[in-house]
Structures are given as structure tokens and as C-alpha cells.
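Each in C-alpha cells, the structures are laid out below.
Presented sequentially are two complexes of chain A, the first with chain B as partner and the second with chain C.
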Partner chain A sequence: MINADVLIDSVISGLLLGLVYGLAAIGLNLIWGVMKVINLSHGAFIALGMFSVWILYTSFGIFPYIGIVLVLGLGLILGIITYFGALHRVIDAPELSTLLATFSVSLIIIGLGTFIFKTNPKALDFSMGSIEAGSIVILGTKVATGIIAIIFTALLYAFLYRTRPGKAIRAVSMNRTAAELMGINSSLILALSFGIGISLAMVAGALIATIFPFTILSGGGYELKSFVICVLGGLGSPIGALVGGITLGLIESVVTLGIQTSFVPVLEFALLVVILIVKPSGLLGGK
Partner chain B sequence: MKKILVALLLLSVLLVGCSQQTQEAKPTPASTMTPSATPAATETPTSTEKILIGFSESKTGKYNAESKEQTNGFLLWMEDVNANGGIYVKDLGKKVKVGYVSYDDESSGERVQQIYAKLISEDKADLLISPYSSGLTASAAIIAEQYGKVMVATGAASDNIFNKGYRHVFQLYTPSSRYLTSAIDLLAAKFPDAKKVAIVYENSKFAKSVAEATKKYAEAKGFDVVLYEAYEPGTTDFTSFINKIQAANPDAIVGGGHFADGETFAKQIFEKKVKIKLLSLLVAPAVPEFSEIGDAALYVTGPSQWEPQAKYTKGAAEKMGVEFFGPTVEEFVAKYKAKYGYEPGYHAAGGYAAGLILQKAIEDAGTLDSEKIRTALENMKVMTFFGYLEFEKGDYYGRQVGHDMVIIQWQKTGEELKKEVVWPEAGASSEVVAYDEKY
Partner chain C sequence: MKDSLKNLYDISLIWLLVVIALMAAIPPLTNSITMREDIFLILQYIALAASLNIILGFTGYVSFGHIVYYGIGGYVAFALMYFYNIHLIPAMIAGGIVCAIIALLLGEAVLRLRGAYFAIATIGVNEAVKALVNNLEFLGGSAGLFFNFQIYQNYGGAGNAIWLAYYLMALLAIVVIATNFLIKKSKFGLGLMSIREDEDAAIVLGIDTKKYKSLAYMLSAFFPGMVGAIFFFKNGNIEPVNAFHLLKSIEMIFMVVLGGFGTVTGPFVGSLLYERIRGILLVNPLFKDLHMAVAGIILLLLILFMPSGIIGYVRDKVSVLRRYIE
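Now for the complex of A and B:
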């Protein structure tokens, strides 16, 4: 009953969507891995990214993929501000304090967002055509999103492993005290990593906005998926997040063909539990 | 210093908490009226200067688009009736003007309950109109019935609001059990080679009841329902869903839910170039803004409670032997266009008809007494621009039994997208076109 065309279509969709999920998760992964902070404002910033690219496109006519670069910069600034505003003082406190701090940031963003934008769905009226092969149709925006997700992952990888600030980030995540002894200003590095994490979340949101309609509350679903992906792929490894994202995207896309759509989240979270039991450090995690 | 800050914080939390409390205390009925049995003898409007109609609007939230239309229609009616001096109440021997009270329900069921309790007990509304959507109306109906206030339900099609034993809620829309059955009739009549139908619906009260009724009807007519599945309200990503639909290879897809998801679904079906003969979605295609998705809207069909091309005329009323009340279809469309700048859709028509039917009930009853108005509605048989209206008695008391659906399709005249009525054939303004003709 399921013919090859539909299966291939599902696999490609799943792959492309999975890359976006992965990008969204990388931000969370980085923050979690470096600072041991569970960023509950992740979803709110994804939604903020969606609105940013929408405002840039509808009010200023900026081409979305250029807007995304601007969103990256905006995310960095917002992330650093959020770090010094909400996290800096509680960074050494138990995880619950930082969790609450990021949760309150989430509430603030969503509250303000609901007030300003209301909850009516918005959409980016933007098309990149589509690629057809037989009866398989792939949206141009999805392909672009997938490619950009890969580019950003590669950039992040290069940053973390080839540049001084990147290496400093990795040093701080291994042992903060030792890094400070080496002359690294750990507070600035933590702020930077949080900023990068947030900017990636916002970019992911911006990319998602080119494909699907959204509201200020849309981030929540992606935040949950990001948590699953982080566990799946392993902490601290950007490639791991991407792999986790692709895995999740593929599962969602292909499994839906066989079972009731409403059971897919059940499957996703069951997988989360299984991984936590069997290999808690994730598929590519090493610690 | 810290202690002062903590104290201030606690104080503000308490204040916020208290204001919430007073909100939540309201729904418990300290009502002097017992529902239905005893006539509300003490029911006089607090002011004979105005008839106050209360309702909630979804100014924000997912029902925003449809609710706005509904309210527009109502406000136009109010303007019309007040321009005429008001509604004539025989008991008072004069015309009384109409006023209204409304609040934003944020498309939330809990807010609806708070608001309707407030409308009745604080604002002293004489009569009520429902919010938009079956879900919200079901919430409001509980309150209306509790306080024994008459509520006209417009924008609400679900059948099972009406099998709860309510005696004060009256439905204007064709109920969901008869929503998509005409789409199946259309499919059978115009696309005789079509055998497989996919029913894909929003997991909400309204869409579910439509889907259930449609499945039964389709199977009874000999169709093979190859897919019957729900998607969660608020879904924006139908990719995997559409893959599943393609795997089942249907000739027609029917279902949907409300505007936002219907619009997104139609767009993604087009993006995926799904090849089907008929795509019939609830609510979305009938709303004028549906054309904003451009070519994705082309050849999409949908059931509609009413269209400007509808043939509800004084002549038709005469043939049926009933009265024609209110403006004609042309008059309504012209007035709406003059006031709002675009053609009305059926949500707006429903809003206007809600006010209109209350007006007729008050005129028939000759009084503003709730129970007498209720009786007038019970016995009403009237033709309006919105269609023939009659309410059921018995098990489904208040359900609409006179009104019928039409099927519309978006077609192109030149470069412009326009809605045409394609079913029933008697009222059709154009022939239906197969959906895959657009590729």
C-alpha cells in the first residue's frame, strides 16, 4: 500500500525537517553542555526568531535568508543580555535556580509577545518554488532550510574547534576553574556561549517561519523536540544534535505512514526514555 | 531592604490572586431563576431604555478571523434596527433600541464561562448570542441554561450541544451532521469514477462530529473511506499527514477544521501537488480571506452556511407558506459592503441573522420576558436572507432543522479568484471543476 514514491518523499521531508530540528537543538545542546543550564527559554527564543524574520520581511522587505543573518546578530546580543540579566548571578547555584531563571525569561518573552502580536497565526508569504521528480515534490524553502542548517552546523563546528574563543568555550565547559587559571575570563565566555545558543535557536525559528505559519506559542513544540534530540544525539556535540535531529525528523516522517499521527509524539518520548536508560550519554555523546 | 521587597512582592501576588478569585467566584449560580420549569416572572429588563444583548468575541486567538466576521454581521443588524427606532415591544407600546455588551474570550473556553456569567449577573444582559465555534458555544450554553437566559447560537454547528436537555439555546447554523454530506452528494453526482475518500479532520468538537457523520454517510453511499484520521488543533505541519494521504491514494479529501488550519492544509496540499478530484474543507474556503493563499485556493471547495448568491427570496417563502422577515439577500450584501468595504461571508451573515431572529422573537412575543421569547423561538418558522429557519423540539431541542448547506468552489474569472456556488444544482452559479485541473 505504501509505494516507493511516497516513502522517498517522506524520507526526504523527514531529512530536511530533521535538519531544522537539529539546528534548533544545537543551541540548547551548547548551553546545556557548556554551562549545565537547562534553557527553558529556548522555545520562546525560537518563536522570537520567527517573529523577527517576519517583521524584517513584512515591514522592511528584507529577503528572509538575509534576514536570517540579521537574526543571528540579534540573537547573539539578546543572548548576552539575557545571560547577564538572568543567569550571571545564579550560574553557580544548583540547577534549579538557573532553570527557574530561564523559565522566567520564557514567561516574560511569551507574555510580551502575546501582548504585542496577539495569538493569531502569522505566516511568511514567501515561496522558493519546488523541485519535482516524478510524483515527489520538495518545497524549495525546505531545501534551502536544510542547506542553511548544515552550513550553520559546520560554522559552529569550525568556531568551536578552530578559533580561540571556541576553544575557550570548550575549555570552560570541561573545567571552569582550570580555564580561569589559564587566564580565560569565564563569565564572558559563558555569556558568549549563551549568546551563540540563543542566536542558533532564533535562526532555527526564522528558518521554520519560512515554511510553516506560527504564533508566539509555536516555540513550545520545538523546545520539547530539542530536549529529545539533545538526549538522543549526546551532550556537547553539535554533530550529535544534528544527527539526533535527522533521526527524529525521519522517525516522525516515516513512522507516520504506518501508525496514527497522534501516536508519533508517544513514540518520540518513549524513545527518549529508552535512550536515557540504555545510553544516557546519547548516540554521539562521549562523556 | 530585602524584607520590604519580599513584602511588596507578596502583596502584589495577593492582589493579583484576589482579582482572579472574584472572576472565578462568579460562575457558581446564585441565580434566582431555576432553569426552564418555572416561568421567570420577575424577569424585567433593568432599563426599558435599551434591550441589552450580550456575547463574547474572539478578538484574539485562533478563532479571531471568523469571530470578527460574526460580530461585524451583528453590529450591522444593530445599526439597522436602531436606525429604524429599535424593536417594537407590544407590552411597552413602543420601539426600544438595542445595545450590546461584549468581551474578548481569547478563543478560550474558560474565559467564555467567566464572561457569560458576568454578562448575565453583572451587565444584566437581556438576551445572549453565542461566541464563535461549537467548542466555545458549548461552554457558553452551560451558563446560559444555568441562568435561564435565552441564547441564540450562531457560528456553532455541533449537534451534541443540543442533546443535553437545554431549553434556552437555539441554533442558527445547519448542524454538523449535515455539513459535509452535500460534498459527498456532489462527489457522487459529478465525479462518478471516484471511489475512495480520505476524511482528515481537526481533533475538535465540531470537526469530529462532522467527520463521524460524513464517514457514515459516505460509506452508506458506497464510498471507500481509505483514511479516517484526526490532527491536533493548532497543527501547522501537515507534511507527514499529507504523505500518509498520498499513500492511501484517495480520489477526494474532505474534512479540515477551522480557518487557520484549513488554510494551511490547503496551502500544503497545493505545495505537495496532491492529485485529487475534490478537496472539500470545513470553514476555511467559505471565508473571504481564504483567497490570500493565491493559487492554492483554486478549485478548493467547502460547505457554506450561506453565500451572497443564495436564492432565499420572498417568492421562495411564499411557496413554502411562511413569512419572509428582514432584508433580502441583495439588501444585506449591499449594506454590508457599504459598511465594511468587502462582501460578507457566512459568518457575517450568521451574526446578522442572530440579531434578526432575536428581533423577530421579541416582536412575536410582544414582551422582553425570557420565557415568552423562548416560546416564540420554539414556534418560529421563518424565511430570512440567511435561509429558512426552524428549531427542533424533542431530543435535540433547539437544533436547527430548517436550514441547508451550499457548496462553494473558488474559481478564476480572468486573473481574479472568486467563490461560486456549485451545489445544489438548483442554486448553482457555476459548474464544479476537478481539483487536479489546476496542475
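Now for the complex of A and C:
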């Protein structure tokens, strides 16, 4: 029998985890929405975010939550470089080319990462205390990651809806040709979108690193989760990604009270395929 | 049908099949075990890449999780041999048929998706099946199944069993390449290629795209099922991590793209080169630790500067060869 405390506990941690998953997926979603590219290097950049914040903390003593700001900047730069290096030439080619181009970036990052960091697990060793209410205990790091994830999502929204480059990004995602005719430099906008998508992935990775141990290969699992989330919330819709993330977080933490943990992936991926087929616009999407 | 079989006498197919057959004949003639292992791998790559080429190269549908059929076929055949002591050949055919049926049913749903949506769905299918098999107790869960050594006694010892697996793989590689050629030269193939170029236009021109895609998907699932059966028979054990490894899917795509997708010779050339590249990267001390990064760079350069692959490039530049290289 599941008691109420356990349930509340799992709902809260599912929610907080879901917010971070959502943030990771927003990056993927933005890139898909604007560029129609499925970014297969997403997981590699999540792992890179984990290691960036880890290096900043262990080698330079920069507190992880401050390190995240630096990771954001790093992600933006790396994303823009990746766009011009790997994607710009094939952006109008069939999807196979962009899938493979981003996958090759992933191979390069993970290959170098394995070479430099090996594959033994790392963890960020710091504590934020915990919040207790009766028998419910929630780690401070989880609360902090949840809040930061919300802040970043809000910032992205403010950027997309209140600033000129943000509006240009939305214009390009609606109709690239029309946007170009209005004098928007679409190459720059695509590079910027890719940079933002990558930096969000890296920040999400950095946040995940404050909660769970990680290796250079950890990103792959979160990349697959991001796919499920994006499909749940609707490919191309940032707010949908957040909702999808929370849904997935709740599924992972609450459903496991009822069924074996190892069955959760079966459920997740079956959900992915079913939603793609039945309602490709996502749960929140229109027709 | 009769007309399409006449195509088998085409010079551009014959030389290719002769080359594969000669290559496959090296290990039995020299009795070299290392050669056998190398060439077994190449033959497996050829069969897999050429199967994928049917749906990816001709039809233009990026089946990213295609390895799922290799895994399913492997598991079906392995279970038949493990539990019922059935001979490899019928077990292998059963594996292929199960895969074709699953592809038919699944295709009803996923083939309605286009472009990247289809690619993601196939990744999802592979991951879902992998997670499911991980949980099936009677298939050994995540630890998988192991052959009792006695199973090989039915084939006259482990040595003979491995040779049998080798010959079957060679035969399969030849059959898949020939199938590719027949498809490419047929009206069916023309239909597939019109779907690749512009699906809506193909519908307007009266092509039953649904039926065509379904059939192409079934064919491209049937052969990997049999390849999986042979591989895991020879391997002696099967586990979900090995059977449904997404990286193997990407290896298949890499070989098709490297050789030239939508060509018949391409998957062969791609497989051969990939096996060599992989060997060099894994053995060379300079690249050993960096082999993934180097593979990534090669793939990226290929996509950026030679997207039609080696055979596509050659056919493009040297028009004389077009009659001899398909």
C-alpha cells in the first residue's frame, strides 16, 4: 500500500526533476522548431555541460550555480561554432544529412570526452541542505535546480517575445523565406538559435550534474528522454517541452511506486511512438 | 517478373556478385581463422547495409532504429534453437519472417510519418523493444541467453557450426545485393525512388505509395532478421544491449552513405571500407583512444563534401563507368 507521504514525496521530486528534463528538452525543441533539425548531438552537449560545471567547481572552485552562467556562455559559443562548422552547408539538404552531421558532432565530443575524462562516474560534491516537513525530505539541490530551470525558461520566453533577435528567431521559424524578404539575416538567426539550444542543453546538463552522478556517456539517456518530452509536448513548442518534462518526471517518480523501475523505459518509448502516430502535434498541440 | 529476372545477367551486377563470392571463398581456401572472422564481419555489414538501402536509399525513409530487426530476428531464432533445438536454417528463416510481419504491422503506423518524425519513431521503437526484452524473464532479461555448448553438436561440433554460419552469411550477402539490383531495375524500384524524390507527386501520378512503402519496409526488415539469427548463433549468446545497440544502426547508415545511398554497389563499397577504417582506428596506437572522434570527423567531412557517397561521386564524374557500376 502506498502511503500519502511517499506519494507526496515522489510527486514533488518528480515535478522538480521534470522541470530540469523540460529545460533540456526546450533546447532540442527550439532547434527543431526553428531549423527543422533533429539535433543528435544534444546528449553529448548535455554531458559537456555536466563536465564543464564539474571542472569549474573542482579545478577553479567556482560554485556550481555561478558556474552555470559561464556554462551558458560557453554553450552559446560552442553552438554557434558547431552551426557554422557542421550544419550550415547542409541546412537545406534532406534530413538524413542533418541527422548525420549532428550525430558526427556527437561522436567527436564523446570520443574526445572519453579520451580526456575516461568513463568512470563523477559527481559534484557539495550540499545545499534539505527541506523537511514531517517525514518528507527534499534535497536543497533538487529545489534549487527546479527553481533555476523555471528562471531559465522564463528568460528564454522573455527573449523570444520581448527582444528583436528573439522576434527574428520566431519569424524565421514561422517562414524562413518571408523572414529573409523582411531583411532578416537568416544564417545568423539560425546560428543564434542553435547556440541558444545548445546552451540550454548544457545548462540542463550542469543542473542534472548537481543531483546525479554522471559520466561522459550519460547524455545519451537524457537525449532520449528529451525526444520523448518533445513529442509529448509537441515538437517545436517550448512551453510544451516544459509540460512534457513535468509529465515525464511525474511518470518516472510516481509510476515507479506501482510498477518495476525497469518497466518505465518501455512505457516511455511506447508513449513516444503512440503519440507520434496518433497525435504528432503533441498533447498540447492543436489539430 | 520474368523481365526483371533477365536483369540478373546484367554486367554491373555480375561483376559485383563475383567479387563478393571470390572474397567469401578466401577463408575456406586458405583455411585462415582470422580471415574468416574479418570477412564474416564484412559480409554481415554488406547484408545489413544493403537491406537498409532498400528503405533508406531507394525510398528515402530514414530508418534510424533499423537495428531493431536484427535484434528481433536474433532473439526469435535464438529462442527457437535454445528452447526447441530447431536447426539454424529454419530458425533463421523464422526470424526473418517474424521481422517482416512486425515491419508490416508497425509500418502501417510509422510509415505514415515523414522525414524526421519517422526517424524519431524508429528510434523509439528500438528503445521500447530493447527495454521490453530487458524485462522478459523467459528471454533471460538483461543478462540474455547463453547456448549450451552441446547445441553445436547437432552441426558436427563448434568448428563446423561456425563454418555453416559463415557460408549462410555469404549467401545472404549475395542474395541481398541481388535483391537490391532487381528492385532498382524494376517498376517497383522506380516507384520507390519517386517516393524518395517527391511523395506527394508520386501519389498524384497514381503510385500506391502505401503499398510500395510497406513492401520496401518489409523487405528491408526481413534480411536483417536473418543476419541477426546467424550472428547470434555464431556468437553463442544474445543480450539486449548487443542486439538493439543504436550505434550499430548508425554504423549501417554510415556504410550506406559512405558507399552512396540508392546505389547497388554503394553498400558493398561502404561496408568494405568501413570495416577497414574501423580496423585501422582500433588497432593503430595513435587513433586507438580517439577512434570515435576520428570516425566522427570522417562522417562529418563525408556529409559536408561528398553527400552522394563514393559510388554516387564516381558515377557522377566518370560517365563511362555508369554502365558497369550500378
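Everything that follows uses one rule, which is that the second predicted complex is superposed on the first by the 285 of 287 C-alpha atoms of A that agree within 3 Å, B and C clash if a C-alpha of one lies under 4 Å from a C-alpha of the other, contacts with A are read in each partner's own complex, and residues count from 1 in each chain.
Following the convention adopted for this analysis, a contact is a pair of C-beta atoms (placed from the backbone, for glycine too) under 8 Å apart; a residue touches a chain by one contact, two chains touch by 3 or more.
Since this is a predicted model, take the numbers as computed values, not measurements.
Look at A:74: by the touch rule set out above, it reaches neither chain B nor chain C. Of the two partner chains placed around the shared chain by superposition, neither chain B nor chain C is touched by A:23. By the touch criterion stated above, A:262 is placed in contact with chain B and with chain C alike. In the superposed model, A:212 lies in contact with chain B only, and not with chain C. Touched residues of chain A were counted for both chain B and chain C, and C has more of them. Legend: residue contacts after superposition of the two complexes on their common chain; A:191 is shown touching neither chain B nor chain C. In the superposed pair of complexes, A:270 makes contact with chain C only, with no contact to chain B.
Of the two partner chains placed by the overlay, only chain B lies in contact with A:10; chain C stays clear of it.
Shared interface residues of chain A (contacting chain B in one complex, chain C in the other): 114, 260, 262.
Those residues of chain A that touch chain B in the complex are listed here as 1-3, 6, 9-10, 13-14, 17, 114, 118-121, 123, 125, 130, 132, 135, 137, 139, 212-214, 218, 252-253, 256-257, 260-262, 264. The part of chain B that touches chain A in the complex is made up of residues 59-62, 64-65, 106-107, 203, 229-232, 236-237, 239-241, 243-244, 246-248, 260, 264, 271-273, 275, 292. Residues 32, 36-38, 86, 89-90, 93-97, 99-101, 103-112, 114-115, 224, 227-228, 231, 235, 260, 262-263, 265-266, 268-270, 272-273, 276-277, 280 of chain A are the ones touching chain C in the complex. By the touch criterion stated above, chain C contacts chain A in their complex at residues 56, 60, 62, 64, 109-110, 112-113, 115-117, 119-121, 123-125, 127-128, 131-132, 134-135, 142, 250, 253-254, 257, 261, 289-297, 299-300, 303-304, 307.
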